[in-house]
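Dropping a structure here in structure tokens format, bear with me for questions.
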Amino acid sequence: MRREIPLGITIFVGFLAIVSFFSPPLEGLGEDFTLFFDIIAVFAFFLGGGNLVRLHLTKLLKKKRDWGFSVVTLVGFFFMLAAGLFKIGNPGDISASVTAQGSLFATLYYNVHLPLSSTMYALLAFFVASASYRAFRAKNREATVLLLAAFVILLGSTPFGQLLTNWMPGGIDILEIPNLAVWVMSSPNLAGQRAIMIGIGLGVVSMSLRLILGIERTYLGEDRG
Amino acid sequence: MSRISIIILVVVCILFAVSWLTKTNALDGDNPVREAFLVTLSAFLTLAIMSFMYKDNPYYKFAEHLFVGVSAAYWMCVGFWSTIVGNLVPRISDSLASYFMVPPQPGTLNFLYYIPIVLGILLLMRLVPKVGWISRWPLAFIVGTFAGLNLIRYLRSDFINQISATFVPLVVDWKGFGDFFSHLSLSVGSQFVDMLSNLVIFVGVFCGLVYFFFSREHAGWFGRASRLGIWVLMITFGASFGYTVMGRISLLVGRLTFLFRDWLGLIS
Amino acid sequence: MGNIGVLVVLLLILGGLVWLLVRALKGKEVERRVIFAFILVAVAAPLLLTITFEMKPTPIVRALYDRIETLPPDSRVLLSFDFDPPMSPEVQPMANAVTRHVLARGLKPVFMTLWATGQAQFNITLTDVIYREFPDLVDGVDYVNMGYKAGNEGVLNVIRTDFRKMFPTDVNTVPWDSIPVLEGIRSCSDFSLIVSLGGGKPGVKEWVLFVGDPTGVPTAGGVAAVVAPQLYPYYPGQLFGLLGGVKGAAEYESHFRDNYPQFESMDTPAMVMMGPQTVAHLVIMAFIVIGNTLFFVTRKKEGRR
């Protein structure tokens, strides 16, 4: 029964989502069930937070390696949680937006969360530069075509590309780098992305069908006793 | 802690204090001390993350762990207030709705809204190893919903509509061979370029799909089509790489803009 | 002085690249931290010198601009802020530019988000554009912020047919019936235009799949550069316009400023970012050439051995 009931739930909900698309009388029920999904998604956030606390608390209590940083995580977590749940410093009343300007929650977002998350991703600029120097090799014709296309896009994205080729007469202005970049994006790039998209689309459809028909069961995990 | 670590920590603290003081003097407004502290904090957190480029260090680890905690709590809070208080509470309890000052939403099917509460609590049981298996029920609900929604949407938009959009006219604006050759040019928007673009799209999609068909040996004409598909895909990946570079550089520009403008005041 | 500064910086960077090339020809690699320092200088220097360029809009960007231009005043437009801080250097400028354009045309934007962080990112647009440049506009009458709802595609599936069911109040818990902007709105089909601003999941793709395609409402997007190439298959049938990365944002800002002289002094962060982008792109291309030079020289040496 540990696997049959969840399988039944998947099949029922999956079929309802599909049938409600084709049957207007069931549209309202389909919307309600989708709302249930949205509410459960928030519980998934709570699960994520709870798991984080459990992980770092364990690390802290067992004095594992770098346990001091777990204190930082837990303090940051509970401080932000209190600021948000109790709307500390919120200029409005309980009905005001949790991210209202001037609230402690918004202050922590703009001065802690925003710089940290932005900078984490900004590091990728360094890694892409390093990869350009070390990894992107024109080892064969295909790789050379890849790099040439990248060069056209890189140059076409900047005014320098216009500067290099604006001497071209009107009759062959498709070869001006900015125009060529636009053409590359809207023709060969479109073709390749569409081929990939069709393939992925078929994959998603077949996987969805397998899930709804109960053939695919790996999401249920292992059955231990 | 080693001596060098202590020295670095002291230097960081001194620099923090100097920045805070300097910014306080430079800023106008209601509360320059608070604003200066917040800008300095943001700048130091930014530099702590960037210090990873030199090597992994305790300042980076501190910033990383702080980010994880703050981020998790942020999503929990916003999710709670927007969806639990905004959509669930008004349907299940008038008194709670009154407490949170949200308008109640009466409805004949509101009793069904205890289902997501039960499923949500079952999902939280995942934290308890002994009864964690019960979290499969809400997981099944999530998987079933996703599967049902995606099947229809991907079939329509990513398969049928994409196939339909590929069948573009290979001959555009045809007025006869004389007109075609007399206006033959490689200028943007010309008849020849439009026809070439449509041909590239049609043949490119077809050959790209042929490449991904691994059930048949890529030999003969099938193999030639597959090779052409590879070339189209290489151009696609090259274009993606170009845009990826643009995107990553933008992120760095964004952070440096903050450091130079908001913190150091070097640019307006 | 500014031009001399630009020249000096470009010469310095060029000199550094020549040094790297000479090392590559000798078969010597450089440490990765030197590469990091290079890209830092390539981005920082143009930023400090505030080099900007005028941009001509490409057809895919122009399509969104022209559509907003042709909408009758008081048309309701749905703008979804589906991004987080890492995407904000690229997407925030486009969000600000599109919002400014919509309000300048007298249209009525309805803001929402599928990302929790989008709610806070919208506040930046609220402060920098709406409060600063349109101080006479009234929340609820001229625009409204519906806020965030969890559920990704689930949210889209509900608002496609019943917007009010998902958003019974705005972000400040003002009831639906008390918001004049929403009068007559039942579902997404009642909007004249949908613009999704983001770059992850859920984002423009999900808007096309779950709302744009089924309802036929004109849908456009503004996305981070990384995601832009993947959305071209939807253009122009399912997605009539797309702002791709900071370049798309800069083109939009430039075109808007050219056509709305009253906004000549507006902030143009995307246009400012194009200076560092240009230099960084050239440096990246040089790295690829130098890296390949090193590769071929090393391979030749190993072949001789």
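Brief remarks follow.
For clarity, chains are labelled A, B and C in written order, and residue numbers in each chain start from 1.
Quick note on the criterion: a residue touches a chain if its C-beta (ideal position, glycine included) is under 8 Å from a C-beta of that chain, and two chains touch if they have at least 3 such contacts.
The structure presented is a predicted model; accordingly, all values stated were derived computationally and were not measured.
Ranked by how close its C-alpha mean sits to the mean of all protein C-alpha atoms, the top chain is B. Averaging C-alpha coordinates per chain and comparing to subunit A, the farthest chain turns out to be C. Our note on geometry: subunit A versus subunit B, Cα centroid distance of 4 Å, whole angstroms. Averaged Cα coordinates give subunit A a centre that lies 16 Å from the centre of subunit C. Computed from the mean C-alpha positions, the centre of subunit B lies at a distance of 12 Å from the centre of subunit C. Of all residues in subunit C, those touching 2 or more other chains are 36, 39-40, 43, 86, 88-89, 117, 119, 147, 149-151, 154, 157, 166, 171, 173, 229-230, 233, 245, 247, 277, 280-281, 284, listed in ascending order. Taken residue by residue, subunit A touches two or more other chains at 28, 34-35, 37-39, 41-42, 45, 95, 97-99, 109-110, 113-115, 117-118, 120-122, 125-126, 128, 132, 136, 147, 150-151, 154, 157, 185-186, 189-190, 193-194, 197, whereas all remaining positions touch fewer.
Counting partner chains per residue, subunit B shows two or more touched chains at residues 53, 74-75, 78-79, 82-83, 87, 100-102, 145-146, 149-150, 154, 157-158, 162, 165, 236, 239-240, 243-246, 248-249, 251-252, 254-255. On the side of subunit B, the complex with subunit A involves touching residues 38-39, 41-43, 45-46, 49-50, 52-53, 61-84, 87-88, 99-102, 109, 112-113, 115-117, 119-121, 123-124, 126-127, 133, 136-152, 154-155, 157-159, 162-163, 165-166, 185-188, 190, 193, 196-197, 200-205, 207-209, 211-212, 229-246, 248-249, 251-252, 254-255, 258. Put simply, subunit B touches subunit C in their complex at residues 53-54, 74-75, 78-79, 82-83, 86-87, 90, 100-103, 105, 145-146, 149-150, 153-154, 156-158, 161-162, 165, 236, 239-240, 243-257, 260, 266-267. Across the interface of their complex, subunit C is touched by residues 27-28, 30-31, 34-35, 37-39, 41-42, 45, 92, 95-99, 101, 106, 109-110, 113-115, 117-118, 120-122, 125-126, 128-130, 132-138, 147, 150-151, 154-155, 157-160, 178, 182, 185-186, 189-190, 193-194, 197 of subunit A.
On the side of subunit C, the complex with subunit B involves touching residues 33, 36, 39-40, 43-44, 47-48, 50, 86, 88-90, 116-117, 119, 147-151, 153-154, 157, 166-169, 171, 173, 175, 208-210, 213-214, 224-226, 228-230, 233-234, 237-238, 244-247, 269, 272-273, 276-277, 280-281, 284. Contact residues on subunit C toward subunit A in their complex (touch as defined above): 30, 32, 35-36, 38-40, 43, 53-56, 58-60, 84-86, 88-89, 117, 119-120, 123, 127, 145, 147, 149-152, 154-155, 157-158, 161-162, 165-166, 171-173, 229-230, 232-233, 235, 245, 247, 274, 277-278, 280-285, 287-288, 290-292, 295.
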